[in-house]
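One structure is given here, and the rest of the page talks about it.
To keep things simple, chains are lettered A, B, C, D and E as they appear, and every chain counts its residues starting from 1.
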Amino acid sequence: MSDNLKVVENATCTFCGCVCDDMNLTVDVDEHRITKAENACILGKAWFREHGIEQRPFALIDGHEATTEAGVEEAAQILARARFPMIYGLSDTTCEAQRVAVGLADMLGGTIDTTTSVCHGPSGIAFQGVGESTASLGELKNRADMIVFWGGNPAEAHPRLFSRYAVTPKGMYIPNGRKDRTIVLVDVRRTASTPAADIFVQVKPRSDFEVLWALRALVKGRKVDPSIERRTGVSLAVLEDLVARMKRCNYGAFLFGMGLTMNRGRHFNSAALLALATDLNQFTHWVAKPVRGHGNVTGADNVVSWQTGFPFGVNFSRGYPRFNPGEFTTVDVLARGDADAALIIASDPASNFPKPAIEHLKRIPVIVLDPKATLTSRLARVAFTTATYGINVTGTVYRMDDVALTLRPAFPSPYPSDEQVLTAIRDRVRVLLGGNRLPAGAAPIAPAVAAAS
Amino acid sequence: MPEMMTLIGGRTSKQGTSLTHGKLDGEYLEVTSTVEMNVEDMARLGLKNGSRVKLRTPEGEAVLKCKGRETKDLPRGILFLAYGPLSSQLMAGDTAGTGMPISKNLDVEVEPVPDQAGP
Amino acid sequence: MIVRGVLIEDTFAEAFTMRVARLIITGRTPRWAREAALKLTGFATSVIGCKCEAGIERELAERDTPDGRPGVSVLLLTMDKESLPQRLIERVGQTVLTCPTTACFDGLPQAPDRLPVGKALRAFGDGFQASKVVGERRYWRLPVMEGEFLVEETFGMQKGVGGGNFLILAEDADAALEAAEAAVATIADQPGVILPFPGGVVRSGSKVGSKRYKRMIATTNDAYSPTLRAVTESQLPDGVNSVLEIVLDGVDGPAIESAMRVGIDAACRPGVKAITAGNYGGKLGPHHFHLRRIMNGGPATA
Amino acid sequence: MSLALTLHTVPTVPLEAEVLSPARLAGLSAPEAAKLTVVYGNQRADLGDFFKVGKGADGELHLTGDLARVKRVGMGMAEGRIVVHGSAGMHLGTGMTGGEIVVEGDAGDWVGSEMTGGRITVKGNAGHMVGSATRGSAVGVRGGEILIFGNVGNEAGSGMRRGLIAIGGDSGDFAGVNMLAGTIVVLGRLGWRTGAGMARGSIISMHPAELLPTFAYACTYSPLFLRLCLLHLGRLGLPVARSQVEGRYQRWCGDAVELNRGEVLLLDSAPGA
Amino acid sequence: MGSPLRIVNGRVYDPANGVNGVVRDVCVRDGKIVDDVPPDAKRIDATGLVVMPGGVDIHCHIAGPKVNLARKVQPETHRDDVQLRTRVTRSGTGGTVPSTFATGYRYATLGYTTAMEAAVPPLGARHTLEEFHDTPVIDKGFFVLVGNNLLLYRLLQEGRLEEFRHALAWWLTVTKAYAPKLVNPGGDEMWKGQRNANITALDDKIGAFDLTPRRVIAAFIEAANALGLPHPVHIHCNNLGHTGNVETTLETMRLAEGRRAHMAHIQFHSYGAVAGKSRSNPTSRARDIAEYVNTHPNISADVGAVMFGHSTSMTADAPLAYMLYRIAGGKWVNADTENESGCGIVPFTYQDQVYTNALQWAIGLELFLLSEDPWRMVFSTDHPNGGSFMTYPRLIRLLMDSEFRKQQMAQVNQKALDHTSLRDLQGREYSLYEIAIITRAGPARLLGLTAKGHLGVGADADITLYEEDDDKEKMFAAPRYVIKDGELIVEDHEFRDDHGGRVLHVAPAYDAKIEQVIEPFFEDYYTIRFANYAVDDRYLSHHQVIPTAAPAAAATPAGAARP
């Protein structure tokens, strides 16, 4: 450790979707290291501790060291040649980089998808079906006197969700903090989060939908057969008690995790929960929020949405954005073998995608941008080392509740940012293609003069 | 004879912190290659902490170390595995028009691996 | 023209354009289809007193019905298109809906004029009814105590012909009845026609208006009533002591014509003197069925 | 319109070929048809780059080959007949309003999604979302018939408002989810959560199934409309058994969280039935 | 800024300068209108064309958190209404809530060059500016939601009026907003804090606060006037959409007591009730509203006309959205923003045969036709609430073409028309000059944008050239040329170039000490740090501070993140 220390106050941690912005970082300026991360949780501490500057090549082309510029040229050539280039990742980078990536996909007539599709993508689909009553996290802190965690383990995945936003903090109408709240946790197993709950409801695996559906029926005053207990492991009495409490509270909130989305039922599980929250609004105020994972996955949803109208899984091959999960989402495009090139930004599909998708990644030219070496960067044709957002790079990130924040980086990196590399690739592709690629197919219909008439 | 059990994939803080450290690193690989299993199930199958089991789905198979959990924490017939390269081996690519592969509550065949069979 | 000794008079039956619907009533057994059909066609001999005319067209085998069950085909006719749906709704509602195991299907699915029958009856379901499309056709399912009543949403209506007829002029009442029964029996197999009167036979032939009562629109056909031979301007040949009439309604002229052909032929039996037909001088009904042309196999209508 | 097209080059990325539709090919000679534009990945290509185009004789469009990566065959078609001698890719007959498509092999996802009329017959299996609504839409199929002789994936008939979907084999999960009306017949087994959120409509299966807690048993009877429906399907070639036509069915009403006017009918396998 | 340009022989409508259909040249250099340009300057032959300043939309919803939610929730509306990419422009999707690129390009292809997003919670300011970055061609600003702000409520409740005013100025400045916006004042607190209740009258108590909407509204009118803002407080009244709400609207306008106030989408606030009935269909009270506005020069309004077809109701008035959801069914989005706002979104379809919808359509037209001062009763559909901005050409035709209006009136629910005076207003037709006022010169003047909405020397060179046509819908749907900041963006109906557009905002001065009042409130009740709240200039790229009558804030406040 050198003596050249500085403190960055109110920095933002981008490890998880909580995006806590109260980090006080002690930075060893000479060593390019963060020595102390005050207020950070265990995950945040590891995040700040481990993101120093490693001695890595700026770029690797076919495993050989290369300059960033050479990598950009190779990447641009690959992408400009491709007929079905897939751009994926983007949850661990800034909105500024995401914005360029969507623009690149548009220019190429490619497909862009984010890690949302394998995270809360099903919740996004559910949202498109039924809508959502939601809130910024401060409303939970200030008002929520009943919070139901469903299918998640925040104590391990989002540690400060409990302490900073939802369970223990005092708020305007919650003067006594934890004491003023009823906390319910629903899961298939006991986890580190279970002790935080007043009521733990253990459901049989794969029966969340049935439980949620029964709750909806009870909220609406319909009958539910007592056989529900055999099916789900939860007795009718427990469900009735829950419903009574839900109707009685002043401000209720569901926070749900991937126990719903990655499970059989997928978007219907999320939709059932969103609909339950909506139903409850006939009696009192209820909101529901998916607990989002990576630091800026919510930003990715927002950027892709405002640029295209759709949150993830967007294809531009016909000259305009099209959305169809299962058709244009990454797992499908890879597992079916549709893509002929891939650009992966700040993500490591080779370590968590299903096997058939990984197999196809090995068959096509892959371009990777990542601060770290990963299984995906190992199989890449072109692998860029980039600076880490929030630690070396400023920019915008969105918290899981869609609140945007500006990052305060701790120390500079010799490596370019994702935004810089993507911009360079885009500019080179533009030259190779002579501007945006002209649309390959006509629009379904001409845009109407009076859309509403 | 292999037994059918239900595998839940998920995240843990240990996986998270080790992931930050680097995915090509031993700790991450250790965390993502250890499956949690109900202690009674383990006893029945003759497994101890650190014993090796083979999990199999129609998509593929993976050999993992096991670690016991009490019944109140992890019911019988349920397995927990942190996401990583080995959980990938068991997942199918079909997303049923959603983009999301199923990684929780997979039906898996569980078979103890005799110690001498390990590398 | 003489057929087996019976004179076929050179005259014609004069018939009217009516509106016709065909209903296919099915049931678990032929009996229950027939029970419903008999009730539905009951008291429907003449538009004069019954507002409609109806009869069983024929019985249908399982392979000939939409639901593969035994059934009965029924024709129902009215003088105008406005009243046909009303009659159908009343009668289907009171006789088929109520009858165990039955269902009611449209027998004129190609007819472009559609009458809302199931559509009107559905309200009986009190909000619990459900509609269903199978193939191109829509049905209503009405919950009833037995289970469900199925009725087609709309029934086809087309122009039909009412009042085809022929008169059997016989030596005595027994011969007239036997001849009439024989005619009815052969016509029963003929598609597209019904005989709306009891047993298919009418003894009370009528004439238009009255000689005595201003308000009567139809009164006894005194010209063919044997008992009045001496006191009225009789049309009866010598030796005729009893006359019975066969009245036919049908889906179109050809159907009536071929039914008349087989019916008249069957009626030409010993004891029958002549076959004639009723008309109004050709001024009232647009359809004229010339008996001799029919029997010669040529086009009967003119 | 009589043309016979044979796939000579298998596309390596998705090929979008909505031109494979009777109206688009009407009146064209084989060389003219070969010049029609298809979308191959992000670029244009000619139909002839992939298909050998020959004349046909029977007024129909015949496609031969493994078209698994050829999307949108018969999309939006209004009349005519397409026969695929082989398999078809995604979006087969999506949004079609009339006419007929027959696929001898398998079909991909979204067969006949949001169609309003006509008939699609797939002799093999079909993918997910058969006759479904697309994401965000509340309404799926508004009319027409889809017959799949084999198995189908999830969400068959989601948001269906009218029409008939018949499946000879098994269905995946959420068959008839959010259905507004219409009929889904599954001769094989149902997946999970059949009819979730259905307002009206009928879902029929010939096998026992565990239904959602918001479905309630009503009675066991022989619904006449189902008889009609099964006879109709038998005529169209599906293997409908006499015992199914004559059979008694358990009626389950739901979904109670919605309008509660839908039904699931399960063939009663109780002895003596 | 483009090369010098001379537009020759066009028929010019420039009401701000009293030019009414005079054929004359317009010269452009360095993005501004100038007196003259050198003879070798590029020329556009505008013979047969109508030349107007670029359109200015005073009230629409085009960017920010709720808009993006509304986009995301309706993929089905984007599918068949797409914006194709060209060599120079980006692709996008439409529907009633288009993607950002489609929004910018489509406004431009209607001849609009400026638009004001009308409702952004302060916490959503950064997001809104991010979307503005991707909204091409047009200049834009946003109104920041302050009418349900709990800290401002506390200051008001405690009578700390001066601090209230400084805090308001602080909020405007640090969020880069254009004007303060009130939406159903008090409603959010009732909605979020009182089990989904709502405000029903100006004298209702606001939840746990010792406040009423009356006091809140009056205080904001006073403060906004005192700050000398270019646009006064922009008010969405209580009781929007409710039968009989006209009384609330009139009372709200009276609260201004001669001071400036702008009434948003006033059509939605002009409903009467059938006398003597406790529950009745709404009736039109457009006459009362129009008369009040006509006779009170301190009041301005935009109409918020309803057009039949698809719309998206998106509003900070969360209880209203819930009411619509209970009517329409389908999807409902609610989004609460801590300490600041609520929000509701419901896709909605206005149908000409539905009594209430037809009445709303008619009232919008009545208000236009009864207005005696087009400068103060300006054009809007509250896009996309009353209808998409893509319906503007049709609405213009309804105003200009009484025969067309008559035909359209024949198509709608006649009982609704019976309750309006629309049939009596057949005599009135808007002229091109008046259209230029309500769509350009008027909104620019109400917004205090002195360089917009006119073609005088020094004005921004935002110019639209339309082909004259008897069918005004056709004419206004597709200008032949659109010039933004002196650059030719649309030529012969096609995009020639892309263009960024500017962010317009205010920066009223405040006493820095107010931060010492605000910061503790943040520590207690917000979940983001005070230091991370203010939006730094990096989000503005091209921007312009519109001056206030009072001196502007000296600098970005101390707390702003400055990477």
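Keep in mind that, in the parts below, a contact is a pair of C-beta atoms (placed from the backbone, for glycine too) under 8 Å apart; a residue touches a chain by one contact, two chains touch by 3 or more.
Values in this document were obtained by computation on a predicted structure and should not be read as measured data.
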State the remaining connectivity among chains, in groups separated by ' | ', when chain E is set aside.
one piece
Chain labels contacting chain B and also chain D:
A
Most distant chain from chain B, judged by the mean position of its C-alpha atoms
C
Counting C-beta pairs in contact, which comes out ahead: C-D or A-E?
A-E
Sort the other chains by how far their Cα centres are from that of chain E and give me the top one.
C
What whole-number Å value describes the gap between the mean CA coordinates of chain C and chain D?
45
Centre-of-Cα separation between chain E and chain D, whole angstrom:
46
Find the geometric centre of each of chain A and chain C from their Cα atoms only, then give the gap between the two centres in Å, rounded to an integer.
75
Distance in whole angstrom between the CA centres of chain C and chain E is 73
In chain A, the residues touching two or more other chains are 125, 128-129, 264, 316, 323, 325-327, 437
What parts of chain C, by residue number, touch at least two of the other chains?
none
Where chain E touches two or more other chains simultaneously, the residues are 73-76, 79, 330
Inter-chain touches occur between A-B, A-D, A-E, B-D, C-D, D-E
Going by the contact rule at the top, pick out the chain D residues touching chain C in the complex.
143, 162-164, 181-183, 200, 202, 219, 221-225, 227-229, 231-232, 245, 261, 263
Where on chain D does chain E make contact in their complex?
134-138
What residues of chain C sit close enough to touch chain D in their complex?
66-69, 103, 130-135, 139, 141, 147-148, 150
Which bits of chain A are touching chain E when the two form their complex?
9-10, 12, 21-22, 95, 99, 103, 106-107, 124, 127-139, 141-143, 164-165, 171-173, 250-251, 278, 281, 283-285, 287, 301-303, 305-311, 316, 319-323, 394, 396, 398-399, 402-409, 434-439, 443-445, 447-453
Looking at the complex, which residues from chain B come into contact with chain A?
6, 8-13, 16-18, 20-24, 59-60, 72-75, 78, 80, 83-85, 87-105
